[in-house]
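The next part holds the structures, each set out as structure tokens.
You will see two complexes here that share chain A, one where it goes with chain B and one where it goes with chain C.
After this line comes the complex of A and B, so read on.
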């Protein structure tokens, strides 16, 4: 038995930086994943999600920064408890599903053959087929089955639903949710914000190699609002609201003003009410809106202007 | 069995608030009765495909509000004591947030206080015609 101190649990990423030649892949990326929670990593293509995962797991050597699993640096014996589903299949084309499972049985002491068989059934996967004969989605399914078959303490999933149909996508999310209820720490990336919105407790948004927003999803949803005001005069004076730290962005369109607020919405709303707008309302933002306004003020601005006819 | 709760993660409303509202509504409408057992956190999380801690947070707040009680190892139940008061309280809090949203919306459309009052009066007259007469007498 391993001592509990050697089991990876909570993940702490501090100022991780990785350069490939003159290109900065990730720049001072920091976030923490509390033990037993699900963490979603969001970002545009090339933002640095995969590089972050590789640096976390020692598959790429960071130029600076550190990664701690339960307060300790990664050690080889920890891999008994870490499962990784890479973005690009790391399976062997010439091996069958059964052979991959056999490989896992010999490698991992916590391998659960009954669970693997059950999962293969769940994903309707024929384990007798060689990986080379499987579709992209079936390969993803096999990688997911392998990852969950070892009851990992830490689960790292890079786009774990790519190529899967909606039914199987939902099953992967349900597996993650069930596993986290049992105490597993999970970090995953996905292009589908809807999935992250459902499954993740905390998120980080990567943009241009940097973390531009990090926090608890429900908290972000409560904090990040849009205040929409219509004034009687064209281009009313906002008296410094433009540089208010509580304000993320402002879009103006004549008498209509939209303010993207990141916190203290009620206070900002009150400050606005003093300017006597004709109409004032607060709009909720879902994670997709929050994501778009975090990865580019321009996207948010355009969205704001598009709405105004 | 159909799920008694549904959530829409894509709205801006936090999921735990959506859940709290639905449990209260179910209690108020008698869909859930006193002593009835709620699904476990894990069951509900996988059923709705939402984060378990979101469900746990909703249950914690419902417990604080006196709507449910949780006993370790047995699960969460709709409170048996003062079930009627709990339901009435739940009902009024659901109604209150609905009114609040309606008034806020009216205000955002630029309606004056008097106009909102008039609309509210008309709605009362329509749905509580008898009480209206009694009050007038």
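After this line comes the complex of A and C, so read on.
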């Protein structure tokens, strides 16, 4: 099987920049989503995930940069094969679920009514109800049903599990994985890192409007390690380790120091051992660790860390 | 592409038809001898005079036109309604923004004509119920007046679209306030103001649909505030409708979700 990085980019985002007045929403955002893969876009609130999606789909005009779908700029007719589930429901409150399905049936040539009915059953959705009478989670479910019912070649999902219960969240992830195995390219955002870790092959992490990390999840996991050391003294001197380019971040919690290493882990470990800590060990990073070290101080502090450099 | 729009205007027309139906029923049932001619209570002389009364047939267009104009004002916030949280659905259809907007406009225009027709049917029935149809005569201007009174709600539609296309959540308020503002502007045009102000309000009122809504009956009676010749009215109303729609389209193309 071809590694995702070697596959041609179904979506190529190059130096995308968007400003709202003096506020930079996204700044020189670039990444590539290989065809048939699931790509996770992670970031703290306001990092620019939704703006990236809007610029990708022509819903907002970027100030700079370009977006290519299979090598071509977006044209309206391409939406025959692109589905988008926005973060907040954009469905029509006065229309019923059935009317929305009919709306899609008349719009998309690839609409699959059997699949739509099956998905409605899966999500226990009463399609006779008006959207305005549905809960937030049910509205999300309807948006997901509509998106999957057209067998899109590209799926863009902004927080697709928002408001759903854990059972339905899992079903959405399963749907995404199933759709991807059929060749659909999927890009999605989620605050639930566990979901991204489960579904995504590649990720990009947005922080302060910029992409601070991008790559294959497995690759990132194998590259990125945590060196955890306990010293006899409070705040031991680290002698320049803070500015070492191999080190992504350092967190201190009294005598405990955690160093998030992005490469050359063994070398950093050896350098650290010279400082004679009481105990020293190397840990694998999960995606949450990678995310927290990538977004730096604020997020790590929220997660209970202190003094992250 | 038209399915959702057909549903939308279908709902609006349904409620509109209920209101028109109720008003027609009231108009037909209320003892309305006074509306046109009450031969039962008047003197013999009055009845004889009324037998020669002739009213232009186009008088039946006035109320339907005003009602359709109100309908058109409400329909005129259709782009604003899309802009109020639905652009992610509207703009991810396999159609250009302009084509999508034109589908909306086309459906709205058909609905406005239907609203006018419903109102006209209501007026016809109410008038017939009181035996008033025999006093109506079709004159050479009837066709032109029909065009004027159909264009009148279109002008309101175009104006409201232009005013609200880039308004996100208060399109209804904008369209609602457009009516009293239009009345005030027309009144200001009639006041003996300094020439510069008079010229200013005259200019503004070229874009005021009310300016072109006039009906002259006989020598003295008139429903108009400003006497405007029919060709001028047709041109003015058409221009407001078309320019309004073009301005709305330009805004729609530049919008961002």
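In this text, the second predicted complex is superposed on the first by the 251 of 309 C-alpha atoms of A that agree within 3 Å, B and C clash if a C-alpha of one lies under 4 Å from a C-alpha of the other, contacts with A are read in each partner's own complex, and residues count from 1 in each chain.
In this section, a residue touches a chain if its C-beta (ideal position, glycine included) is under 8 Å from a C-beta of that chain, and two chains touch if they have at least 3 such contacts.
Computed from a prediction, not measured in an experiment: that's the story for all the values here.
J.: Tell me which partner A:72 touches in the superposition: chain B (first), chain C (second), both or neither.
T.: In the superposition, A:72 contacts neither chain B nor chain C.
J.: Using the superposition on chain A described above, determine whether A:267 touches chain B (first), chain C (second), both, or neither.
T.: neither
J.: Mind working out whether A:88 is in touch with chain B, chain C, both or neither, as first, second, both or neither?
T.: In the superposition, A:88 contacts chain C only.
J.: Looking at chain A, does chain B or chain C touch a larger number of its residues?
T.: Counted on chain A, the partner with more touching residues turns out to be B.
J.: Is A:278 touching anything from chain B or chain C once the two structures are fitted on A? First, second, both or neither.
T.: A:278 sits against chain B, while chain C stays out of touch.
J.: First (chain B), second (chain C), both or neither: which does A:57 touch?
T.: The second partner, chain C, only.
J.: Check whether A:99 is in contact with chain B, with chain C, with both or with neither, and answer first, second, both or neither.
T.: So A:99 only meets chain C here.
J.: If you look only at chain C, which of its residues touch chain A in the complex?
T.: Residues of chain C touching chain A: 1, 3-4, 7-8, 11, 85-89, 91-97, 99, 256-257.
J.: For chain A, which residues are in contact with chain C within the complex?
T.: Result: residues 54, 57-61, 76-80, 82-84, 86, 88, 90-92, 94-95, 99, 102-103, 106-108 of chain A touch chain C.
J.: List the residues on chain A that touch chain B in their complex, please.
T.: My answer: residues 37-38, 170, 173-174, 177-178, 180-181, 194, 197-201, 217-218, 221-222, 225, 228, 230, 278-289.
J.: Tell me, which parts of chain B touch chain A in their complex?
T.: 9-16, 41-42, 45-46, 49-54, 57, 104-105, 107-110
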